[in-house]
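First subunit A sits with subunit B, and in the next complex the same chain sits with subunit C.
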Partner chain A sequence: MTGTIRSNQIQKIFSQNEAYLSLIIVAYSILVTSLNPSFLSFENLLDLGKSSASLGIMAIGVFVVLLSGGIDMSFTAIAISGQYIAANVLIASGIDNIYFAFLISCMVGLGLGAINGLIISYFRIPTFIVTLGTLNVFHGILLTVVGTKAVNSAQLPDCFKKFGATNVFTIVKPEGGSYGLSIFTVIFIALALLTWFILTYTRLGRSVYAIGGDMEAAKRAGLNVFSIQFFIYCYVGILAGIAGVLHVSLIRYSNPTYLVGSELSVIAPVVLGGTRITGGSGTVIGTILGVAMITLLNNSLILIGLSSFWQEFFTGIIVAISVSLSSYQIRKSMMI
Partner chain B sequence: MFDQYLKHSRTTILFVMMLGSFIVMSIFLPGKFLTLSNFQSIASQIPEFGLLAIAIMLAMLTGGIDLSIISTANLAGVGAALILTKYSLPQLGAYEESYIIFLAIISAIGISFLCGLINGLLIAYIKVPAILATLGTMSIFSGIAIVITKGYGIQGFPEKFLYIGSGTILAIPMPMIIFIVYILIMSLILNRTSFGFNLYMLGSNPIASRFSGINNRGILIRTYILSGLCSGLASIIMISRVNSIRPGYGSAYLLQAILVCVLGGVDPSGGYGNISGLVMGIIVLQILQSGFNILSFSPFFKNVVWGLMLILVMILNFYSLIYSQRFRKRLKVD
Partner chain C sequence: MAEDFLTIKNVSKFYAGVRALDSVDMSIGRGEIHCLVGENGSGKSTLIKIIAGVVKPDEGEIIIQGKSYKNLRPIDSINEGIQVIYQDLSLFPNLSVAENISLNQLIEEKKKIINWKEVKNIAWDVLSIIKKELDLNEKVENISIANKQLVAICRALIRNAKLIIMDEPTTAITKKEIDKLLSVILDLKERGISTLFVSHKLSEVLQIAEKVTVLRDGKKVGDFNAGELNYDTLSFYMSGKKIDHSVFDYKEDSEQKTLLEVKDLSKKGQFEDISFKVKPGEIVGMIGSLGSGRTEVALSLFGLNKPNSGTIFVNEQPVKIDSPRKAVSLGISYLPEDRLNQGLFLRQSIQNNIVVTNLKKLLSKFRLINNSKKYQYAKTWVDELSVNVPSLEVAVQALSGGNQQRVVIAKWLATNPKIFILDSPTVGIDVASKSNIHNLIRQLAKNSIGVIMISDEVPEIVRNCNRILVMADGRIVREVNTIDITEDELFDLVSSNSKNSEG
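Showing the complex of A and B:
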């Protein structure tokens, strides 16, 4: 009896968490708009949707890992490996096709993710340490074997640039120029929906929640923890591969030293979205809201007249406050 | 008796590794490895890195982790650097100069104390998981450092201050002397005080330690303060050695510090690990590092080696755990 009450309370807290976050996002948007009306234009919002897509896709991957009770630090190295190898293969082979780029990047992601998955599921080593190790191994191998020279805009195959400029619909402004809903945003939403579907309606997805909630209980219930963990890290790898291609298409420049080092700024929005680091609870919606909040913050500081130096400070403050609040609520609900 | 066997076997393995890497380097790099200047450069690199490793080790002993060590060191370094550059004018007398250097050191220690206290309060009172709390404070501390310096470096410190990082006494670099004194103090704290004993208790089983009347919160707060102080001390040595500070400096140390803890036998889930193991781990890593430098390996390749070593050591620990469990079972059957 008490058990069900507690779990209801926890569920309530997490739905509350999302409601709070939405409220904060709305309030903050109103604040920024009142200071600078150009913020709440349709064009700016669509632009934010485009530029946050690759962060969002990586965040979804991180979310799935956190849900299973692990943590992944190596996804940035996977994303940059996928991106850089794909760009180089396309240049070397002369094939100018974005699907081919996605294929290569996803295969690289799958392969590297599988290495993570094998090590983590076979040896019972803390995931943080394994992925911190593989982060350096993957990135080091990329830089030593594949190369350190950046692919600049002129060398980059045209398909990336074309893909980066693709819009699902386009609105022509009366004063000239046009804007529209980028395909990036659509891919991000599609992947979010796919992840939500897998996590909610498939046996595999429920098992992710189960091993995150209690690994031992999941094992006793007859779940194959080995294959579930293997799936999770492969999935993250593929998502990272996709994010890598989006990233290069957006900035039209592939530098193998980019992205790596920004792991924590991808983990921050996921945590902000209410996903518990100990695993077992969290939602896709929360993750999307977290990404929205961080993107908003990063893009609005200049609009409200603060220099971009404040970005990291405010991100830290928001993460610290949100993890403190959710830890405090959990503690209160558990009556400890 | 069995635990003693395990403890000794691990220390022995580390000792053999240390000797082995030393001998291999001496044989394969004749005339380059065994030189006074090489040893001096090794000895001047060990301290700042070793202090950061001790900072992580303290957090790991309680079963947590401190990701904010580098940002704490940066912030403390920026604080000290501001005082050193703003107030030290060329016309100052020797007395005033010493006073300003003293003030800078005190402020660096004070800032790192505050950073550690904030971490400790978040972790002990609000019960935020250590990895998340320090993830947040990491951004906050380095964010403050970036806001203060606007992303630029601060350089040009008084001559006397540089002595801390680059001076020598009897051919022993000054940082090394500070480090050795600090190691001795830390070993005393960990092995000979009730705080140290309680720290290990808390790390191996927080619930048991709470029910045996240990003030878990107090221990956690003091641990993170101590961890912050290590970073502060590291920052003083760091800024005085390179004669400048820039936010983000030393971010590569985070992985290496975790690696060296794991290599030195610290259990990331808490309760196990000692200073002597850590120091041997640091020496192994530095010997390899200097060998790589002599062979002029690319820094990226070094990352590959560190990453592989981290995973390999954890895999070896995994097997040794399984072996020791079997061994224990056999003992029980007998």
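Showing the complex of A and C:
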């Protein structure tokens, strides 16, 4: 059957997507290293792994939503709410414990995610509109009810700072000082693995793919679309909560106006990683590669000496190009 | 056969006091291939839904495998082995063939964790039942519609189907694929699985079915053995009217200039060396199965499919048609095959749909749309084409297929076309409306419009065209005046050529 042979080729091209992205990452790294040799050092790479972890975790959340055929614009507001509330509760209660911080931040994330999930599955409103709305509602409530004053480094409970400095292993440099593999990177990888497992090996995960592929068919097949969507937005909420804690532990400063506004730079790596913006198709590996590429780009711009304002410009370009490319590919494969 | 698989007795259904089904009896034997035909609104879909347990009949009983149901629930119907394959197939395009086939079973078994080996084994087993091979790892979006149907059939078989109901299964597949589907159905028959076909295409019904049940206005006209029927008797039973089967009468006027000429038009992988002429008042038929290149040629004439080489002449002047806008300015109109998606703005009003090709004429002196002018304009066309509408404000999606098609035609006539290309103008339209559309098309030709009519239905082409171009594999394999060929000859010509293309 010619049909089968042809479509095999298409499939190869699609999985090649990730190979191409890896290739570009390697080529680009070599280019930047030739301009600034300190770039490709083990130390810098581990550092990139650490600083990109919170972006990566949010990206995984966004990936799951996109997969289901939806979009979440509110996760930045959820992440900052989780972080800021956790920091303030820890200060007020005097409990200086990072697990407690995670618990609070995740509960906030779960709660806000559940609100998204309920509105979306109950009222059947387009996810973009709902989450764009809740982005502002969540953030607005945070600023008016919880507060607007930033928690500075001196006020920040020690557990955050200690957590931010925790390495799984440490290498002492001969000339003094040390570096190592941050716990952040490990958490990111663990969450990526967990998400991959859920999506590949559980009925729930396959249902996420199914509703992203064809919502109507999913209903007819007897899937409970309501509970699947509810799960997805709760899951994104929790991931945002975790990312929020990582973020404050990294920069040792909690400002309730941070993160919000950076939605696109989280969506960018996901789309770059080959996740279809219309849902149903994408991989965790692709998302991780996307995060790596964006991190690389942002980091190298500074190393090359371009102003960080260029980051926004490049992020926008990347989203535009990768979305156009994938829709072009789909169109081409349909026309053959 | 000793006992029928399914018997329906005296089933009636009322919707808001209107009888959708009126004491209908029907029985389907084990392993029988049964066709259900009827015009739109004849009650076919209601009957299917009743068999599936989705709709409850107000009167009557349903006997499945000897067991009588007064109150059939969907789950009862499924447990008795009845599976409906809806027209849209309800598959997941982004999932693999294997997963699409086995997903239902996994849901049913309430498994939390997926065992991929099991998923593939389930799919493999079912595919071997229908003796077909498909790449289990391939995503469904990458396979042909015909193969998608096989996936849907497999999914039905997994639930131990004993009766598979297919709603309009052949609308989008080629003749070759229809034959393949038919062979699958014959295999199922051997296993004692019955098939209930719902179809609009009469020639196919006659080819496939053993028994045919005809519905009209909610009543059963009768059960027939397929052998007793032919195209004319079947369309008579369906519509209850003697359909005018007069042949299009064209008087050639040798003085008339050629309106459209296509010379050696080729597009790589689609069509080659296409040459033909159309004069005013002609209806030129283009016949060929799906994939023969017929639609691709039409799209090229409308500026939607750039050819690699060749020339198009309009009024004996060479022209370059690189956009629909250009085509319209040259007086070419195109009625697409997929009327719902390409021909209409379904949710917009009838009025908006008609005026859309000609908004410029409706502008007031402030360059805004003049609403009363717009209404008048739409009204003129609706009257002219006798579109049956409750009001001009009604959304087009509420109209019947025949009336929708008239709206599309009206929209294009409003541009005052010289050349009108109609791609499968009567697909999915019931027999009576069909003949009205045909009359309308003849009327266009009388008004000196050159018409190109694309279709895969032999009788439609023979009765309405004065000249026929037979297409296969992207080439015109034969050009013939209609008076020189009979329906049977043309049918043989078309089917032999589409068989060749399998080669």
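As a convention for this text, the second predicted complex is superposed on the first by the 322 of 336 C-alpha atoms of A that agree within 3 Å, B and C clash if a C-alpha of one lies under 4 Å from a C-alpha of the other, contacts with A are read in each partner's own complex, and residues count from 1 in each chain.
Everything that follows uses one rule, which is that contacts are C-beta pairs under 8 Å (C-beta built on N, C-alpha and C of every residue); 3 or more make two chains touch, one makes a residue touch a chain.
These figures come from a predicted structure and were not determined experimentally.
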- Could you tell me if A:G213 is touching subunit B, subunit C, both of them or neither one (first, second, both, neither)? second
- Does the superposition put A:R203 against subunit B (first), subunit C (second), both, or neither? second
- Message: Which partner chains sit in contact with A:A150 here, subunit B, subunit C, both or neither? Use first/second/both/neither.
- Response: neither
- Does the superposition put A:L118 against subunit B (first), subunit C (second), both, or neither? neither
- Note on the structure: Partner touching more residues of subunit A, subunit B vs subunit C, is chain B
- Touching A:L223 in the superposition: subunit B (first), subunit C (second), both, neither? second
- Message: Which partner chains sit in contact with A:G280 here, subunit B, subunit C, both or neither? Use first/second/both/neither.
- Response: second
- Between subunit B and subunit C, which residues of subunit A are contacted by each of them? none
- Could you pull out which subunit A residues touch subunit B in their complex? 71, 119, 123-126, 128-130, 132-137, 139-141, 143-144, 148, 261, 264-265, 267-268, 271, 277-278, 307, 309-317, 319-320, 323-324, 327-328, 330-331, 336
- Message: Which residues of subunit A touch subunit C once you look at their complex with the stated criterion?
- Response: 1, 3-4, 7-8, 10-11, 200-206, 209-210, 212-214, 216-218, 220-223, 276, 279-281, 333
- Query: What does subunit C use to touch subunit A in their complex?
  - Reply: 86, 88, 90-95, 99, 103-104, 106-108, 111-114, 116, 133-135, 137-139, 142-144, 147
- Query: For subunit B, which residues count as touching subunit A in their complex?
  - Reply: 65, 67, 122, 126-129, 131-133, 135-144, 146-147, 150-151, 251, 255, 258-259, 262, 268-269, 298, 300-308, 310-311, 314-315, 317-318
